[in-house]
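Labels run A, B, C and D following the written order; every chain starts at residue 1.
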Amino acid sequence: MAKRLLTYENAVRWAPLLVLLALMLLFTAINPAFLTERNLARIAIAAAPALMVAVGVTFIIIMGSIDLSMEGSISLTAVLFCFAFVQFGGTLAAGAWLAVPLILLAGAGIGLVNGLVHVRLRIPSFMASLAIGFVCTGAAILVTGGDIVKIDDDVFRALLTWRILGFPLMVYVAALGVVVAWVILSHTRFGRHLYAVGGGEELAHASGVNVGRVRLVGFVLAGLFYAVAAILQVAKLGQAESVTGANFMFLSITSTVVGGVALWGGIGGAWNTLVGVLIVFVINNGMVVIGLPDYVQNGMLGVLVIIAVILSTDRRSISFVK
Amino acid sequence: MSTFIKDFIEKETISRRNFLLASAAGLTTAAIPGVFGGGAAQAALTDPAIAWSYRDRASAYWNSIVSGGEAFVESIGKPKDFLVNLINEGSSEKSLADIKAFLAKTNGNCAIACDANDSPNARPVAEAVQAAGGYISTIWNKTDDAHPWDFGDNWVSHMSWSDEKPAEQTARILIEAMGGKGGIVHLGGIAANNPAVERLNGLKNAIKDFPDVELLDAQPADWDTQKGAALMSQFLTRYGDKIKGVHCANDNIAYGVIEALKAEGIEGMPIVAYDGNPEAVQMVMDGQLLATVFTNPHWGGGITAALAYHAAIGSFKPSEEPKEHREFYGPTIMVTAKEAADFKAKYLDSVPTYDWTDHWGPSNGQIQYK
Amino acid sequence: MTFQRLKSHLPWITLLVLVAVVGAVDPTFLRPVNLLGLAGDIVPLFIMALGLTFAIYIGGIDLSAQSMANMITVMASLYLSSLGLWVAPLCIAVGFLLGTVSGYFTTRQFVPSFISTLAVGGVCFSMAQWLSGNRALNMDATQRDALFGWMIGRTGIIPNELFIAVGLLAICLFIERRTTLGRALKAVGAGELAAAASGLNVGRFKILAFAISGALAAVAGLLFSVKLSGGAPTIANGFLLPAIVAVLVGGTPLTGGVGGVLNTAIGTLIVAVIRSSMLYFGIEATQQQMVFGLVLIVAIALTIDRSKLRLVK
Amino acid sequence: MYELKGIDKKFGGVHALKHVDFHVKRGEIVGLVGENGAGKSTLMKVIYGAYQPDSGQILMDGKPVRFANPRQAMDQGIGMVFQEQSLIPNLSVMENIFLGNEKQFTRAGLFDWAKMAEAARHQLAKVRLDVDPRAPTSGLSFAQRQLVELAKVLTLEERIEGDLVILLDEPTSVLSEDEVKLLFKLVRELTNRASFIFVSHRMDEVMELSDRIYVMKDGAVVDVVARGQSTVEAIQHTMVGRSIDNEYYRETRQKPFDPKTRLVELDRVSLPGRIKDVSLTLHAGEVLCLVGTEGSGREAIMRTVFGMLSPLSGSVRLKGEPVQRPTPRHAVERGVGYVPRERKVEGIVAGMTIYENMTLSQMGRYATAGVLGTGAERRLARDWIKRMSIKAPSENADCGNLSGGNQQKVVLSKWRSGGSDIMLLDHPTRGLDIGAKQDVYTMVRDMSDDGVGIILAADTLEEAIGLSHTIIVLKDGAVQKTFDCTPGRKPTMYDLLHAML
């Protein structure tokens, strides 16, 4: 069975990566400073927390649902993380590392509540997660009273400041997160069940897949990744407040779709999300680096996103989208 | 849980009392001005409800504003939660709707302090307050063509801060630290916001005097820490070593800038900010920031409420006050390493007690239009 | 069976219960003036939600509505002096056109509406920034009053905005219930493939739905700029999520073909009541957002008719 | 070994199962027949655990059991082979086979894909299917999917110690004659391991395969027939409660068509993929049947006539006029009506009322300047509900709640009421019970009498032979042979099969 490389399927599958490379070439051609190790590291730092959010929401999108709770969820876990960190001694050298598992647990807990409201109350995920997002943001405001919570621990901040091969530690943490997500999605029962639910929920149910539980665990996992994102965001900025999670919602969902994860479920994976996030952040970085006027940037991002999505959609396999 | 219930009952009784008072007021004035509009001629109010309408509780700035409002409310012998919080979440639409709801609830028997969120929103807010016969004092956002004196007594005053001069001053401090030459980047607020425009103008004014200083780039970071960090790192790629100084439109952006530089291992970059938030003042003391500008939001929050309240109860009649008492600049205090410790002790560690009946004392002259 | 019958009326009932609850705490809330004023204030948001209903009714979403309204406030403020009354058709035409663009990318290029409308929103925002020169603009107050003053006045105790809202609602309701367009949109929402196999030009109807959404977002922006006598590229921020919430709470789920514009009217009122209930219950500032979220969950749980959702995704 | 005793199930006011007794012996093949709505599918759902009975007992080897969900039933050895389309398209073949049962292939939580592929090959061998277990399911043909479906259920063989009960729900509806034979052979071989419950509308197949046949009507078992103890006609009589016309396909009503009026002409049409140089002509009053295996191109040809597909080369003429830019809208305007195979997906819009569905293709007629006259629409719907004897409470009833036969009648009314005179019927009787089928056949003759030309893809060869004036046999996207089907000169099934294969 001779495999042809230049098939339509292959073109579609590799389109996001090609778009990414094309954009990088374009920006480099205009300003060679774009393709320097320093700048790539800058893009990586900016993208790392967003990547974790996007990976989290990828689980949800693959099963055909949507999650809009990330902004609230990140704000709340980031704020709680800072509180816990300070509470446990304020430095990793003391007991503050305890804050990490605690906050991962909190993130998973928020995801669980989200999932329960969605699955048990039978409220579509769009609405359930939107409302839970409001509640979480509200809770973050409540616990901070609107103040900024700072972390001043050089050991913890090594995530940002300690570089290996030119890239800070947090980039490797995010990369590890992607690998974990890839393993879960591609090589575990639960991961494959997510695809099954996304491909045909009723059919999966009839095959004995406990759809409710898969959904629930999906939301828990997403919450977990949001918590990782929150920790990275705190590592990046050294502080948390009730708006720490702002702007992540549209950013993360756009990124996953640009990378080739289908919003209707069942298609795509962790690598798609990685490429998608990189595309969006390369565009954001590149537009400033090549000196595009600020008022053009939003429009340009929109145009490029549409082009990327058009190129990476297998239009033969779908009859319509909504 | 029990405290929650207690709080709830307390609030319940207060709102009931408000209602009784409000209806009493409605009866005594024997006219319900809110109904048919045109309540401008209403006499002084008795025990008006007091509200602060502002953006959100997610920042130190608005927290200080509210703390000032609460301090004022306590100064007239009311509990802190007598002050009603109208939070607009950055939505002009909600700002207006909430204020109208408050006017309706109190039947116009109220004094409101307000930042209208976007300058065009100030006019309809003032119109609504005038129609209901309430009193309002505003800060920050209003268009140049709307003036309190065009609204009788009901739009008591508008306070703003002239950011151009202080921003120019911080810019000079910045340039001085740079040795009078090199490139500057400016990270601005939401581009269309008035303060964002003024703060950038201040920087531009300062640069005119220094031929060796170049404004490399100025882009909006939307008052946001995260955007500040991202934008700064992008500037670093574009301009690299050419950047010798950073001019930030507010403290939050500066936090992001400092972290972006920290990630690159760049230390000692001259940075100036604005707002004088506690964290920023600490950074000035630590040498991470050269300067920030304190606008005393605590006083602003208190005095704005006080102006509306006192006009409402008839302590003074706004229309008889001179124009510099209707539209004026708020105080600004430059905070550099020199003053930081003193400043912190005086304004942050312990909040000074203000005389809320001294309405215009610390103010800074009538607002000028170009 | 009786509960089944009740289900379609749940949005109404939820609204009435909410009004009654707030009224019980503070009877001033129930004064007609107050209720009418409350309804009048929510009109710009309602008009945007009305437009969104069309996008959501066919199973899509329109995230460009807020940026669209922003851009329109800028355009209206900018061109009022030179175009006069003609600024209104210009704004609506621009909204319609940009909605068409979103629709085109969604239906013909298979870009999910979530993405295409977000992208068009970005373009709108850029245009607003460029047109306004990145600053807040104000309308000439006398000209505004002369040309559009009727929009924001009062007739008796009824705010004129309500007449506009009711008029638009009536038009949309007529479109939805009595025109081929409305019927086609329902068919597209409930069974796109069957609609196509019946010979309907599905693509064109879908594009039209997004175009209507864009046009109504423009009307919302226009009304808002008249109300505020000015415009800015960010002035309508904070519209989008409440508008989406209004549509959803009204009982038009994102699965398409269920609900409609009347539901959105109720949903918008529910949002308005929940909002002002914060004031009447004296919810503390730091708690308001959280309470809003919790009430929202309860309201949605009450108002959606699950029997019409085959799958809950 | 498996027994149901006095099972009752109610939905709201509807008594779906009335005191049903049912049992399957070890190694037995039990047929289950009944009209649509007789309660077959409810009964099946009770058996495989999707529904829980309101009262009555489920016994396995004499012990009462209770299944809360299909999973628990599966663990007891009860498996279900669904009708087509119940595999998840974005998963690989092997993942579908072991879906819900993958634990055996995980090591430290991760899959051993090679081991799973090996096991999948073993399962596929059981059904004589040679496909790559790692291939995505979406690339398989209908028939292949059906066999994968069976392979999936047969994994129970390894999983369960005891006896198996396997439900086959309309397993043959998408299979070719040969594939049906293979399936039956497999099923018989497997009786040493499993018992089968076989549900089908094709009486001859049920008679051929089953040891005993349960006949259901109105939610109750009305008869149990042992092999060879009854005839198709007798069983059908019990099922329907009325006598079945010997003239099943209304052959006596087949009149010669009008060879002068050409409604559809395809001239050397080729489509991307498989259709090559297809030419055909449809005349007024003619029933033209396309016969071929799955994937031979029947559906593609219909969709080309309807304008959903555009030919790469060749021309399409509707009523003599060439079609320049084909769209469904254009086709509908020229009087083409399309009754698609996927009735629930493409035929009706669930959630819309009967009258809304009926006028969907012809809204223009009921609207002035885009405004609908619903009064006229309702009148039309009431008229056709009567004419087609559609069983529905009113014209306002939700189409999604009607039975399959009534839904099909709505689809047919939609086109007939709009005056369509070129009808494309893709498996119009699929999944319908005998009564509804006969109604459809009558309608076909009525339409022919009115001068309507019909292109038909029939459910069975008998149906094709019985109904047609002309049969075109397709193979691999090309016209293989054309048969004249004038009554008395009709080809035999053997003739057709010979041409097909």
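Going forward, contacts are C-beta pairs under 8 Å (C-beta built on N, C-alpha and C of every residue); 3 or more make two chains touch, one makes a residue touch a chain.
Since the model is a prediction, treat every value here as computed from it, not as a measurement.
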Would you kindly say which chain has the C-alpha centre located farthest from the C-alpha centre of subunit A?
D
A-B or B-C, whichever has more C-beta pairs in contact:
B-C
So what's the Cα centroid distance for subunit A and subunit B, whole Å?
35
Distance between the CA centroids of subunit B and subunit D (whole Å) is 70
Roughly how far is subunit B from subunit C, going centre to centre by Cα mean, in whole Å?
31
Indicate the whole-number Å distance between the mean C-alpha point of subunit A and the mean C-alpha point of subunit C.
29
Do you know which subunit B residues sit against two or more other chains?
57, 191, 220
For subunit A, what residues touch not just one other chain but two or more?
141, 145-146, 294-295
Listed in rising order, subunit C residues that touch 2 or more other chains are 129, 134, 193, 196, 286, 288-289
Which chains touch which?
A-B, A-C, A-D, B-C, C-D
Please name which positions on subunit A make contact with subunit B in the complex.
31, 33-34, 36, 38-39, 42, 45-46, 141, 144-148, 150, 157, 160-161, 168, 233, 236-239, 241-244, 246-247, 284-285, 288-289, 291, 294-295
Can you tell me which positions in subunit B touch subunit C when the two form their complex?
7, 11-12, 14-15, 19, 22-23, 34-37, 57, 66, 81, 84-94, 96-98, 100-102, 104-105, 107, 118-121, 123-124, 143-146, 190-194, 197, 220
Which residues, counting only subunit D, touch subunit A once they are in their complex?
50, 69-71, 74, 80, 82, 86-91, 95, 99-103, 106, 109-111, 113, 138, 152
Contacts from subunit C onto subunit D in the complex sit at residues 1, 174, 178-181, 183-184, 186-187, 190-191, 193-201, 257-258, 308
Per the contact definition, I'd like the list of subunit C residues that touch subunit B in the complex.
25-29, 31, 33-34, 37-38, 41-42, 44-45, 73, 77, 129, 132, 134-138, 141, 152, 154, 157, 224-225, 227-239, 242, 272, 275-276, 279-282, 284-286, 288-289
